């Protein structure tokens, strides 16, 4: 409980900061507003840290070893009628995310004191940062999917506000809109998924969802999931134990088919596609670099964009194999294309943006192939070194007076050495520098997480193809491997072009300088980038989070002592490997090295050798090619196929142009058509009918005589025309009147006689 | 000659029980005499006549209410004239309305009228009133013809009373020719009713029709057609409506107002009584010729309403616009008259003798009276102030004379049939009863509904002029004759009050919606009416 | 106090009328507008008393005051309040008070303006409080006239066109409702008295009984439902009955746009929940697809139209069409969540649309035009104005934490809920799961479009470099802040504590309502 | 049918002859109303129709309803006819006065010229 309270406090402190700054921030001015903001987020960090320590020491009180086994906390509150609850859910993952977010946020706050010092909207910047920190923390704290969605949107808003922070620039406001709207497209999927989930379960807490649909991971296509709660039916006893922790109202839902679950999983994942900028909605993230660089570091590298991965982590147990396959494919595609594009970018922030995309793709891929721990672990380590990279880039940009082109830099290490060093550390971290000696792994943070994912990918690919699965599953191993080489290469390229060699722009070089307040955060982050893989225990925390999650739904995924090894679900050939892979990988995560899992583990380990030297090759090649500045690459790019390739990649594979040409143009065209239809068709429909009436009227000629007051409206016009027709007989001539009278006489007589005759005839 | 002597026999001398119920008509006759004599005793002859007419009408009203309805059982005047609740309320309304018309005259035309024309004018007006009140109280063919003519002949003259007014002259020419033609048609057609059934009493005829006695369908059709033609002319039902717009435009305002309500109302009241007599005799069953009659009237009503509303739209002359509006409203009321048979039960409540269509008609007429009185009053005052009957004369009226503007607004909205004015309740009442009748009457409801929407177009043209258009430079503010303003404001107020107090009005009309010889036991006379002129044994 | 309690609702309805009369008698412009403001404020205060006296978990109509009006037709003066009406009543008094302030600088015929304004308030409150169908109809209609004049006299250049268009459109719907009014009365005729009922509380049961004993065929029920829906859909307005709205809004004075969007449209939504669905729930079930289609069409079409607008006010008007589409969809789906969401949507839209129209008005007062393309950089020129506008716009586009979100998400979730095996539509066999999902999913797309056009508007109006011609614009003055702040605060409060402000009142009533639907 | 029965017991010139004559006069009246441009001509048409009605009335009375079932003489139709004659006279008087008025204003009684009021 203490943990929950501490985390709540940690969440609310930035909100307080936001409220204060929103109202009196302007009066505080620069730098007081920044200091206030920094103070609050630092306090928040302290709370998070305290929470972490309390959380880890919970077991000690129960007499066990220190750490990694706390009982998750769930508190809910009926917010809306119809069972729409909000609430908090705290497990190990929450705790570790909190520490990471508050730490990075605090460092970014500090960094911004220097970076934003000259901005005239300095207080507003901190206001937004406060709101963002609050929203992000509350997102992580969410106990229900609905609450997660709420803060999901709010972080989107902050992202919008901060990307468009310099709204005078058209590009900035465009990028802001693009970010928000693209995210919203993803959110449509999220809402649909939420709706489908709500349709079947009502709104559920995360444990509720897992408890109800947690066996989705083993489901086969077309299977109807009915969780037998009636005593005595087959398998009931086995499952009921696990379901006791789930809330009772979610135990019965007869008509949930696997197809529906797959659709639901994919729909929910669409939210992640938007937020984590996955293919095909990845286009907003590079543009988001229009925002101030600290924002890019915090929101668009370390925290917000990772929320998609976090979401997948939270809904992971209810993902069916098909959904997971989809996720893996999306992650794989994003990772690959982003890495390729990153190689050709010349804007330092864009390089980092595409690198972020690539890494996010890797995390998503990890989730898709079932490496839950690997994906989330990489999320944490990536947060550290990517924040470091962005802040370093921020330093460079600040030093270079807002010049961002790599082609203008060069040799800056002499002027900003601390930045160069820390940036270098980050490059090593992202490249995965490290070695395994026996059972001991030594390396930078990225090494550990990447290694874990690739290991799993190898095992997965082996398992997936083992029972007749398609060879293409090996792509899930080979592509990340290749990307590992590419990453090392382009990050080295980035460092080389910025810091090494000769200054290419002397004027810029001369003015460059560093500010202490800005490199202190860098130092902290570089330390974390070095030790983040081992010393912080992040991985262990996430592993225990996996355990805690498992406890809610499936006995088979519990530690081996509880698992029932004979309970094997019959698998369709195509996805055989897929679901097996996940199950066994899950088991592997818990140290089950007995049967098939141990084979996979070994296989995966063996395949790791293909990546062990990726950093050496990548970094070496990078140093080689860019040792003389741009001379060598420019020479290379004169070769036609390479040049074309370079242009294609430089323009980001023309995704923007494609979307602008297809999606945006179509929407605008549709909107225009709708407006035109509205004004000229629907509104004039009456007008049209008036014309038809006029054409059709026998008295057309007479109607035309009375060209009437057309001002009132089209409808009025119609009635007027009818009116004219109606009064046309009123000629004023008495003989017409009498004649009409006589005609009436004749007609009535005829009519009456017909009536009378027809009735008397009966 | 001996035949004549034998036929006349002992002369019939009516007693108090015979004449008592008709004392109001008596007062009207006295008024006419008084009007003819008044000029000899007064210098300001017009004013004197006005006062005499006012006094006469007041006396008539008081006596009417004082005497009330004779106890059922013995028909006064051997049934040639009928005094019942239905007629009584109509007469009361008519007299009240005529008083209103007098005030209207006083506030507008009075100052223009040549000294000495007054006696004639009022004589004609009161004479027409007499005819219209008689129209409500007879089912005798001869009396119908006489009453209609008594109402029509003065009206012809009234329409052209402004002797030097060219439009008036033309209006009255058209009116008289058209009217004479229609009444001639009616008389010719009615002769066949007599020829087939040998009696002039419609009740007796109805019973014979019900009994299936020697009816030649074609002749019967002609006869009914003639009847509808004669009455339809008074109502201005399509296709007998041609006179209406022309006469309304040509006649002076108070005459137009008078014709729009009194003449139409009388026609409708007569039509209702005649048709109800038939319907009652045939026990409201869906049999011929009742079905044909009901359909004919219903369809005529629907067409009338539609033609009135659509033709009104293009009008620029306010009186002409109101003329078409009155045609439309007559159409609505004819829809009520078409309720001759009923799929759900009887039109006349057996216990209370309340006739549902009569109630609807009376209610509608009550409201309609005020709507038209108010509208014409405003039109008259605006005409006096501007000399124009064009709708543009109303431009910016809200600034020039807010009271008149608001009164006109009340009347217009009420004529459309929208809350918060009584026209809404009247229309709702009508639609409720129509819908309640089952069968195809919902079509009439739909027609009325659609017509209500269409009517909004032209009523709103007036409102637009009043409220939205700016007043021209040549359109200064004006006070208006206080009497006329009071009349307009009173009408507007009455329209609001009749919505709020819809209950008493509804109860009143319900109470008076009882006709002698029609419906429940309470209202059925004990003896069969005797054939009119034939001698007693 | 007892007197107040007994006559509270009646007092509430007719207090503005009294104020209107006083306003007409006022000596000068100042007296008139102060009288009007005082009246609206007293009405607001009086409506707050309702919060104390209202029983939250009662469900049924309460505080009923009843008296005979036209016994011949069983027409009663019957007013009462329940969870459907209470939030709307409070919204009405609240918005009217703000609108009175918003119309402070009306120059032309001030007395007439405020008198009509107060008459309008009577009509609106009456509509929300009437329990007798006839009374409801009367008040429903009574609102037309003042609005006609308020647009027609105090409106923009094409005011006459807009006013008559508004009037005639609504009139068409009213006549349709009139037929329903008559029809239900006749079909619910009591055997003993021979009189039908106009009581909106009893009518659902009576109609159910009439259907059960065969005196009312399903065809008739279906027709009545369609007619009633046409009336309310015109008022809401839903595509394709919406074309009066942009014109009316563009021409109406700012305060009237606020009232029109915030309150008059709600009368349509209220009618759907008070009349169309409770009375003809069987037809509502059967015809859900048409209604849902209209709702979704409104959402998407309205949003697309809004996107293409160049006039700021027109854009906001179309956004109203889009948002009210959610109300229609919420009704069509017949789940409690969706119904609650639709009710909340009405309140939320009342707040946000009033706010947005006032925001447009503020810009118009300064720039004397509403062309979006001619604005730009207002965020720099008027930062406070921008801040408040941002709250309004984000509330409108459904950002969580602000009021627009709750209604939207609940309607959407409720739509999905309709596909649940136990839902009314599924259970009655009127719909299958496969039929419901397309509607729910396409409604979700509205979320993107709304975000797109709203943000694009922000960009074009507020962002970009400061423009020279707007540099001298003064920041929102205190009067304008007095209007905007309460709205902003309400937008926030409703977004954060929806249950406290709305659902605690509506929920039990919705519960009662849904008992009728089964 | 019934009417024919009534006629069969009549003298050589029976009811039908009168009715046909009346109908002929009626048609003449109608035509005159429709075709005459002169107001007086139209009025004469009206008079013709009224006379046709009179012939009908008198003939019906004489041939069908001369006696009541208890053999008392009845004069309903004839009395009606007398009223109609009076009525026709009154109508003619009024109409002629109006024509005169019209003539004073327009210097013609050609009804075709009376077209100011229309529409």
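A, B, C and D are the chain letters, set down in written order, and residue numbers restart from 1 in every chain.
In this section, contacts are C-beta pairs under 8 Å (C-beta built on N, C-alpha and C of every residue); 3 or more make two chains touch, one makes a residue touch a chain.
Please read these numbers as outputs of a predicted model, since none were measured by experiment.
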Co-neighbours of chain A and chain B resolve to C, D
The larger set of C-beta contacts, choosing between A-D and B-C, lies at B-C
Chain closest to the middle, measuring from C-alpha centroids that were averaged per chain: C
Centroid distance [mean C-alpha coordinates] between chain D and chain C, Å: 67
Expressed in whole Å, how far the mean CA point of chain B lies from that of chain C is 44
Distance between chain A and chain D based on Cα centroids, please, to the nearest Å. 97
Distance between the CA centroids of chain B and chain D (whole Å) is 26
Would you give the residues of chain D that are in contact with at least 2 other chains, written as numbers and ranges? 33, 42, 111, 114, 116-119
Chain C touches at least 2 other chains through residues 160, 164, 168
Could you tell me which residues belong to chain B and also touch two or more other chains? 173-174, 177, 181, 185, 245-246, 314-315, 457
How do the chains pair up in terms of touching? List each pair. A-B, A-C, A-D, B-C, B-D
Sites on chain B touched by chain C in the complex: 398, 413, 416, 418-420, 424-425, 428-429, 431-432, 435-436, 445-446, 449-450, 452-453, 456-457, 460, 464, 467-468, 499, 502-503, 506-507, 510
Spell out the part of chain A that touches chain B in their complex, as residue ranges. 706, 708, 712, 716, 719-720, 722-727, 729-730, 732, 734, 736-738, 740-741, 743-745, 748-749, 752-753, 755-757, 759-760
Considering the complex alone, what residue numbers of chain D touch chain B? 1-3, 19, 22, 26, 29, 33, 39, 42-43, 45-46, 49-50, 52-53, 56-57, 60, 64-66, 68, 70, 72-77, 79-80, 83-84, 87, 90-91, 94-95, 97-99, 101-102, 104-106, 111, 114, 116-119
Enumerate the contact residues on chain D facing chain A in the complex. 30, 33-35, 37, 42, 111-112, 114-119
Spell out the residues on chain C that touch chain A in their complex, using ranges where they run on. 160-161, 164-165, 168, 239-240, 243, 246, 301, 304-309, 335-337, 340, 377, 379-380, 394, 399-401, 405-406, 409-410, 412-421, 433, 440-441, 444-445, 447-449, 451-453, 455-456, 459, 462-466, 498-499, 503, 506-507, 510
